[in-house]
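By written order: A, B, C and D. Residues from 1 in each chain.
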Amino acid sequence: MELHKEKQLLETLQGVFQLKSGEIKRRHRIEVEVEKKDVVPLLLFVKEKLGYKHLSHISCVDWIEEGRFELIYMPWSHQEQILIMVKVSIPRDAAEMENIDMIWRQANTYQRELREMFGIEFPGFVGDYDFILEDWEDIPPMRRDFDTEAYVKDHYFERPGREDAKDVRTEIAKRSGEQIPDFAKKYSR
Amino acid sequence: MNDKNSQKIVDVIKNFARKHSLFVLAYGTGCGAIEIPATMTSRYDAERFGIRGAATPRQADVLLITGYLSTKTLKRVIRTYEQMQDPKYVIGFGSCTINGGMYWDSYNTIKLLDMYLPVDIYINGCMPRPEAVIEGFIGLQKLIAAGKAEGAKKYKENLDWYRANQKKVIKNWVMPDYNW
Amino acid sequence: MNSLVIMLLIYFAGAILVYAANKFSAVLRDVIVVLAGLLPVALFFSIPAFEAFQFRIAGFDLFWDLGSLAYIFEALVVVVGAASLVYAISYMKGKKNLGYFYMNFFLSLGSMTGILMSQDLISFFIFWEIMTWSSYFIVVFNGYKTNKIGLTYIFFSALGAYAMLTAIVMINTQTGSTMWNDFFIAFAGMSSHYQLLISILFIFGFGVKAAMMPLHIWAADAYSHSPMAYTATFSGVLSKMGVYGLALVMIKLALVSNHFVFSQVIAWLGAVTAALATIYALIQKDIRKLLAYSSVAQLGYIITGIAVGTAMSFMAGIYLAVLHGLFKAALFMVAGAVEKQAGTTDMHKLRALIRKMPLTFITAMVAIIALAGIPPLGGFVGKWMLYESLIGSNHYFLVIVIFFSSTAAFLYAYRFLYGIFLGQEEEEFAHVKEAPLMMLIPMLFFTVLLIVTGTFPGIILGPVANAMNHGMGFRGVQWEMSVLTNVYGDSIHLSVISTIVVVVFIVFALFLILKGRKGTRYVTTKDIANSGEPVRPEDNYHFALDFYKPFERAMAPLYRFKMSEIYGNISDGLVSFFQFTRRLYSGNGQTYVYYVLLFIVILLVFSNQLINR
Amino acid sequence: MMGDIWMTLLGVLVTTLLAFVTGMFYMGASRKITARVQNRVGPPIYQNFLDLIKLQAKDTAIHHGWMQLLGPAFLMVSAVGSLMFIPVLNKGLFFENFTADGDIIFLLYLMVFGSLGMALGAGQTGNPNSAIGVTRGLTQMVGFEIPWVMAIVALILQYHTTNIAEILEAQHRSGVWSMFANPYAFIAALLAAFGMFRYSPFDIVGAPAELASGPVSENGGKFLGTMMSSHAVFAFVKLVLYVDLFMGGADNLVELVIKTFGLYLIPLTYGMVNPRYRTEQAVRYFYGWPTLFGIIAILYAVFY
């Protein structure tokens, strides 16, 4: 398959910025990883010079074992039909990232969500505090050290009969004597 | 009118009218709201039982909770319920309101609706089909006719208990008092 | 001594005394204001008939007598004037230059009395000028921001006055007399050019004060920027001097019956004034501005009624003039009370004063019902007579325009009440108290007066019919206390209507209140059904911005038409025209020769036509 | 004398009751017909009575001030008051009430009295939706009043009277209903009636999904019940007025019901197949064809 558009873009980016890594994932999609200081220049560059007008999303992964959050910015170009995944790692204990809602207005919403769900701070970022959770007092719920089940047990009531939370697929199979094939077992808990 | 028998007759008339005239405030939470248009329109036609929509809680008789409630929504639902005028009824709709349903371990949705609001009748299913919804309404009508749909009274009498439960999930409680 | 002269003297002496008393003590000043305001009322209503008064000064005969039409307007002057003065004491408290203010107030009241009693043109014109200047001084009373407004006002007034002066000089050369009556008699014998010119000049002069269509642009700003205590008189009574003059000119000179075009043009101008002023009134955000535009609109009805000139429409016009004086005075007083108590008149800022100022609200509501012409109050009587007379005299498209404006008047009527008194309450206005007693008394007085005149319009119709039968040249004008009859002989019975409306209202109000009172309790306006979201203390969901946006969108073409822009274009055009004429004088002898040649060529081209004539 | 008063009171009561019951049944019928058009069974025809009893039996625990309490009373004044001045049947066949004391121009004004009073009540609730609904309603009123007034002016010019009973008489004398004598006036008035009845496409005032039912959004229980009854009476008032003005009145109640119901079906069926107009579209609609028909009606009445 011809990937010269993607290759060309990757070369351009490598020429301008110091990429920690860069690869073509597949057609329409490349992935680059940069230092924290390079994120805003790179986003500005792709938006203003290369025409990546649309910010699809800002995503976050909690690498609790490595002690970092991985933020993924996803600008998209309607002309080039390419989604760039810009990865950046920030330390988990001092989770702070630069505010980009002046570059893309919609980043406001994503950043509010990140702040609420992961506790990542964006200095200089103004936005209403309560977004989805109201009056949340615990640690941010999307962090992997947040124990959902304990929290639910602690805060909500449970209808008797639902304590075990058994897997439906297995239970039904048990009742009817059906054999679940091995490949299917990994999908049930 | 102070006579006991005539009061009984008035009650019968009132209950008959209440039974056959249910203004539903469809507070469209969760995924169940999509079943309401089907229930109301041509195919299932809930209006033949006197069930029709109401735009604001002031006009409504029935609060229909159509699915899971996040804690943020719960606050608004409680406010809405308290703004409705007596007599008022609550229908819990779908398994999410009964025991959490598929959200049984979600950190942000309540599991048991009847700990926070006095539910008169539950409709189970995920989602209940319009037939089931109408069945639920008819169940409510039977309760009303028998004078047993007294959720509002229960709420009024056990307000402290309900409040304690509500305040357990809603930390920042800034709402007008419920005192009617 | 002659009682007319006494009344005049009271006003003018009051003007001087109050100015002098202000130097000594504020209390003395207020006492004089109240006394000099109320004394003419007592005098006016206690004397059954006024004697004429004649004297000669500087070679001119001056002749003062209160005509039967002038009697109605004089009643309005003394009543509204006295009420405004009483109101002013509380309203103007704490302002500077009060001696000056009251002096001008009394001067304008006195000059209006003078205008109404003048039977000769000289004293009429002198009093007219005093009225103009004294009102001008009050328009600019509120500081230098009002200078431009005052300038527009005095510019138009001066234009009107010069037109009137020209007309008076022409009359004098034609008849050799300065009496109104001689002029009325001699008018029929004048040449048609003179008839046309004099009537146009007079209508121009009076039209300025009556805020008729192309001459109205001063009105909205001047009404809204003078102190409200004076505006009650300014809009309620002073504008009626223009109406009085128009009535004299239109009816006495038989312009209506003999000059069809005249009456049609003026009637249509009145109707267009009403329609356009109404749609401008309903997009205003300042209540004073809203009322000012509404005044212009109401004057439009009055002018139409007078210009159509049948017995009934004339009666409707004068009745509306009197009633407008009453309810607009009450409304401007409400605006003043709100301004005084809440500190603003901006409807984008005001919120829900109904619980703080209930009596003011009742006054506003009654006056607005009268304004909107809703039965059973007085405005309805006037509107009814106007419609019936217009239909009866075959002005069927005029009646549609008038009806449009009167329906659209509901919009600003509601906006006025909602903008000030209804909607969601706001912390900022929590401290607001009911207006002081001295302000409430005149307001409630008007409320009662409006209710009474609505049920028994005969109180006003009687004198009007009297004036029409004796002096205005109508014959056999009938009136009844509370029955109105149109040209087709159909009648409506106002006392029955009032009874039904009041009884049904009370029955259902009792049903709702008595039955609801037991279980009903008051909750604040922040406790609203709002999708469950409790309204936070810092939020306010009051709806004030772009109140009638759909109406504006629907009526967009009408809003593009602005008279002030036309005047702006005219003045720009004049400036460029004068610059062009300046360029003609090039200073070069050759150019002048060309001009002469051009002139000769033009003469030659048109010579045939010129000579054949 | 005493007998007169009792007779008058009886007339008032009977007429109001008739108007109320008929209006309620018409509203029920409208729901039923709408349901049948949409291929539904629909509620029973007496459904509105049940709604009304329920609303009256409901608590009304709160109010936002005394103007809100009085709002429905204003509406009732408008509805019952107008009813008193309209001849229900032809002369001498039914209670005359006060038909001799009012005329049609007066009725025009009395009929807007209620909406303005209701608007004040709605304004006091502090709900922005109420005020928005009111402004839309008033704007729409400025629209439909113009063709309606034109039709009335045409009738007045044609029959040289403003009294409704006299207009009825005149139609009987000439033997032609005015809807045939001046069809343009009838068309103009009918198109205006679409706005007056506030069925779709002119139902922007109380659009439930958009404005949370507009002016009545804070009113439940007794307030809503009283408003509902006044709407029923008012619907009857408007229909009888149209029948009196354009269809030569009625000789008995059956004829009245047939005529009014036939008339009622027109805006109803027109509404069923139409979406909703925005306010300014509605106003422009009324200033289009209806106003043109109004002008033609006036010219026809003058020159014919």
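Basically, a residue touches a chain if its C-beta (ideal position, glycine included) is under 8 Å from a C-beta of that chain, and two chains touch if they have at least 3 such contacts.
Nothing here was measured: the structure is a model prediction, and the numbers come from that model.
Asks: Counting one step per pair of touching chains, how far is subunit D from subunit A at the shortest?
Replies: Contact-graph shortest path, subunit A to subunit D, evaluates to 2.
Asks: Return the chains shared as contacts by subunit C and subunit D, ordered by label.
Replies: Touching subunit C as well as subunit D, we find B.
Asks: Chain pair with the most contact pairs?
Replies: Per chain pair, the contact count peaks at C-D.
Asks: So which chain ends up closest to the centre of the protein, judged by Cα positions averaged per chain?
Replies: Answer by centroid distance: D.
Asks: Hey, how far is the Cα centre of subunit B from the one of subunit D, in Å?
Replies: Whole-Å distance between the two chain centres: 36.
Asks: So how far apart, in whole Å, are subunit B and subunit C when each is placed at the average of its C-alpha atoms?
Replies: Roughly 58 Å, centre to centre.
Asks: Measure off the straight-line distance from the CA centroid of subunit A to the CA centroid of subunit C, and report it in whole Å.
Replies: It comes to 70 Å between the two C-alpha centres.
Asks: State, to the nearest whole Å, the distance from the C-alpha centre of subunit A to the C-alpha centre of subunit B.
Replies: 38
Asks: Would you give the residues of subunit D that are in contact with at least 2 other chains, written as numbers and ranges?
Replies: 59-62, 212, 217-218
Asks: Among the residues of subunit C, pick out those that touch two or more other chains and give their numbers.
Replies: As it turns out, subunit C has residues touching two or more other chains at 519, 521, 523, 527, 529.
Asks: Using the contact rule from the top, write out all pairs of chains that touch.
Replies: Chain-chain contacts present: A-B, B-C, B-D, C-D.
Asks: For the complex, which residues does subunit D have touching subunit C?
Replies: 59-67, 69-70, 72-74, 76-77, 80-81, 84, 98, 100-103, 105-106, 109-110, 112-113, 116, 119-120, 123-128, 131-132, 134-136, 138-139, 141-143, 145-146, 149-150, 153, 156-157, 160-163, 166, 212, 217-218, 222-223, 226, 278-280, 283-284, 287, 294, 298, 302
Asks: Per the contact definition, I'd like the list of subunit C residues that touch subunit D in the complex.
Replies: Contacts found on subunit C: 352, 354-355, 365, 372-375, 380, 383-384, 387-388, 391, 394, 396-397, 399-400, 403-404, 407-408, 410-411, 413-414, 417-418, 422-425, 486, 488-493, 496-497, 500-501, 504-505, 508-509, 511-513, 515-516, 519-530, 541-543, 547-548, 550-551, 553-555.
Asks: Residues of subunit B touching subunit C in their complex?
Replies: Listed in rising order, the residues are 27, 56-58, 75-80, 83, 174-176, 180.
Asks: Write out the stretch or stretches of subunit D touching subunit B in their complex.
Replies: Touching subunit B: residues 31, 35, 38-44, 47, 50-51, 53-54, 57-62, 208-209, 211-213, 216-221, 224 of subunit D.
Asks: In the complex, go through subunit B and note every residue touching subunit A.
Replies: Interface residues on the subunit B side: 70-72, 75, 98-100, 104-108, 110-112, 115, 165, 168-172.
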